[in-house]
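Note that chain A is present in both complexes that follow, paired respectively with chain B and with chain C.
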Partner chain A sequence: MRYALPLLLSSLALPALSAERTRIQVTGEIIDTWCYYSGVMGGPDAVVGSAHHTCALWCSAGGIPVGLLAEDGTVYMVLKIAQDAGSASGDTQLSLAAHTVTADGMVYERDGLNYIVVSEVVSDMDIVTPTHEDYGTVPPFSFPEPK
Partner chain B sequence: MMRKLTALIALIASPLAAQDFSEGSEARSWNLYAEVPARFEARVVDVLCELSGDCPENCGDGTRQLGLIRTADDVMVLPMKNSQPAFTGAVAELAPFCGQVIEVDGLMVEDADLNARNIYLVQRIKAGGADWIKANTWTKKWAEAHPEAAGKGPWFRRDPRIKEIIASEGYLGLGLEADAAYAEENF
Partner chain C sequence: MLRALALAVLAASGAAAETPLPFDLGGAYALTNQFGETRTQADPQGHAQLLFFGYANCLNICSAALPLMAEVVDMLAEEGIAVTPVMITVAPEQDRIETMGAPLAEIHRDFIGLTGDQRALQIAYDAFAIAVEPLFEDPEYGWIYSHGSFVHLLDGEGEMLTLLPPVLDADRTADIVRGYLAPRG
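== the complex of A and B ==
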C-alpha cells in the first residue's frame, strides 16, 4: 500500500501524456473538418461530396485541418500524407479535397480525437458522392452564377 | 484504506472532468449548435511532433497543424479556426507562439452526436505581459504571400491553387461538363 498511491497517481496521468498508436488501412472521404463538426454550413450529410467540393478546397487552402471520414463515421485528422507533412494548407491534401481514398497509415488517439499519419494513399477514387443532386452546392455561393 | 483511496480518486478526477473554461471568456457567439465559450492557458505544440516525435524546428513554421495543451488538465485541444468568417484556420495565428504558454479565448465545439471533442475556434490570444490580440491575421498574411493574386473579391476567389483545381475539375469536382449541366439547371 505504501507504493499504491504514487503508482495510482502516475497511472491517472498517463493517458494525457501519451497517445495510443495503431496501424490501419481505412477508406473514406477527405473532408473539411470545421464545416463537418461545427454545423456552420448545415448537417454532416451536406458537407461532403460534390456539393461541398469547392468549400472543401477553400478550407483546405485556408489551413483548416482536413479529415478522413471513414465509412463507419470515424473522423481521422490528417497530419501527413506520404512525405508531405503540410497539414495546414499543404498541396497534397488540397489535391485530394472531397476525394474518397483508401489510406494506409498510423493512427494516434489523443483526448477524444483521432489523428492519422498516412504512409500511402493506396487508391484515390476521386469524388464518388454526388451530393449536389440533393443539396445543391454548400454554401450556395460556392458555385458562382456564370457570366 | 481502500475507501479512502476511492475517495481520493474521485477528488482528483472530478474537477478535471467537470472543469468549466467559460469563466472570464469574452468570446463572440457564432450561433453554432454546439459552441461553448472557453478561455484557458495552454502551450502551443506541433501536433505531429507531439504524437509521433517527428519534430522540425519552430513547429514546422506554419505548415503543420498546431495544438493547445491546456495547463489545467493537460488535454490537447485542436484549434481549427481563427476568428475570420473566411474559411481560414488557426495555424497562422498561433505559429508565432510555438512552444510558448499563452492564453486563448474563443469557442469550444463539443458535439457528442458527431464525436466532436476538444475542437476550438480561437478569437484572441494573450502572450506574456502583452495585451490581447485578435486572431484575425490570416487574410493579411495570405495577401502578403500572394501579391500576384491581388485584386477585388475574397481571397478564396483569387487563390492560384484553388483557381487551378477548379479550372480543371470544376466547382463540383466532377469535371467541366457536370458544372455546365448544373449551371444550366440552376441559373
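== the complex of A and C ==
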C-alpha cells in the first residue's frame, strides 16, 4: 500500500503531463471569427467564402483574430501565420482572408479551444467557396457605396 | 483515504491539463489609472483581472471586447467571483487621465483605464506581446489603430492565467474564467 499510493498518484497525474502541443497539417478556410461565432451577420454558411470576403478584411484589419475553419468543422484560433506575428491584420492574415489553405503548424488545446501557430502555408487555393451566388455580399454594407 | 486522494489528484490535474501556449505572456508594469493613481499588474484588492489592450473610443474590436469583459465581470460577481476589468491604452494621446474614465465608466463602473508615458506603456506591450500600429486618422474619432485583441485573464498578483478570444460569447468566456477562479470545494 505504501508503494501503491505514489504509483497511483503518478499515474493519475499523467493527463496533465500529456497535454502537449500537436503538429498538424490541416486544410480549411481562413475565417473571420467574430462573424462566425457571433452569428450577427448570418448563419455559418453565409459568413464564409466569397460572400464574406470584404467583411473578413474589415474585421481582420480591425483586430478580430482570424481562424482556420477545417474541413471537419473544427475552428482553430490563429495566433500567428508564418512571419506575421499577430492573430489579425498582418499582411498575410489580410491576403489570406476567406482563402482556403493547407497549413502546417502546431496546435495547442486550451480551455476547450484549439489554437494554432501556422509555421507554413503549404498551399493557398484562393477563395474557393462561391457563397456570393447564394448570399450576395454579407453584410451588404461591407462594400461601401461609391459617393 | 485512497478514494479521497484519487479524487483530489483528479481535480488538480483537471485544472492543469491545458497545453501551455507557445509564448510566455505577462510581467510587471506600472501605469497610471483614470484617477491619477499608479497601478501595477497586481490588483490592489487582490481580485482577478480581465486585461485588454485597446482605447476607449475604439469602434473596432474594443467595441466588442470591452462590453464582453463587462458582462463577464457582472456574471461572475453574481456568483461571488470578483474580477476587475482593465484596459491599457494603445492610444495615449487619445486616452488621457482626464478623458478615458468617462467612456470606460459607460461600459462598466469598475473599469480601470491605464495610461502612461511611451516607455512605461512599451514595457506593458512587450510583456503581453502587443503590437500597435496606427492605420489611419478618422476625422471624427482620431487615429485608428491595429492592435492585439485577445483578453488576458490575470490573477490578483498579475500573473497570466490564460488567453480569452474576444469573439466568444459571455457565457463561454465566463465558463473559461470560472474554471480558473471558481473556489474548489
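Here, the second predicted complex is superposed on the first by the 121 of 147 C-alpha atoms of A that agree within 3 Å, B and C clash if a C-alpha of one lies under 4 Å from a C-alpha of the other, contacts with A are read in each partner's own complex, and residues count from 1 in each chain.
Keep this in mind: a contact is a pair of C-beta atoms (placed from the backbone, for glycine too) under 8 Å apart; a residue touches a chain by one contact, two chains touch by 3 or more.
All figures in this text were calculated on a predicted structure; none of them were measured in a lab.
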- Message: Let me test your reading of the model: by the given contact rule, A:24 touches which partner, first (chain B), second (chain C), both or neither?
- Response: neither
- If you stack the two complexes on chain A, which partner ends up touching A:95: first (chain B), second (chain C), both, or neither? first
- First, second, both or neither for A:130, with chain B first and chain C second: first
- Task: Please indicate which partner A:38 is in contact with in the superposed arrangement: first for chain B, second for chain C, both, or neither.
- Result: both
- Query: So, does A:142 touch the first partner chain B, the second partner chain C, both, or neither?
  - Reply: first
- Note on the structure: Counting residues of chain A touched by each of chain B and chain C, the higher count belongs to B
- Query: Between chain B (first) and chain C (second), which does A:70 come into contact with in this model arrangement: first, second, both, or neither?
  - Reply: neither
- Task: Using the superposition on chain A described above, determine whether A:54 touches chain B (first), chain C (second), both, or neither.
- Result: first
- Item | Set intersection of chain A contacts, chain C complex versus chain B complex | 5, 8-9, 12-13, 16, 19, 21, 33-34, 36-38, 61-65, 77, 79, 85-89, 106, 108, 110-113, 115, 117
- Sites on chain C touched by chain A in the complex: 2, 5-6, 9-10, 12-13, 16-22, 60-62, 64, 129, 131, 133, 135, 146-150, 162-169, 176, 179
- Task: Please give the residue numbers of chain A that touch chain B in the complex, ascending.
- Result: 1, 4-5, 8-9, 12-13, 16-17, 19, 21, 33-34, 36-40, 44, 50-51, 53-55, 57-59, 61-65, 73-75, 77, 79-80, 85-91, 94-95, 97-98, 106, 108, 110-113, 115, 117, 126-127, 130, 132, 136-137, 142-146
- In the complex, go through chain B and note every residue touching chain A. 1, 5, 8-9, 12-13, 30, 32-35, 47-48, 50-52, 54, 56, 60, 62-66, 73-78, 80-81, 86-92, 109, 111, 114-119, 121, 138, 156, 159, 161-162, 165-166, 169, 171-174, 178-179, 182-183, 186-187
- Item | chain A residues within the chain C interface of the complex | 5, 8-9, 12-13, 15-16, 18-21, 33-34, 36-38, 61-65, 77, 79, 85-89, 106, 108-113, 115, 117
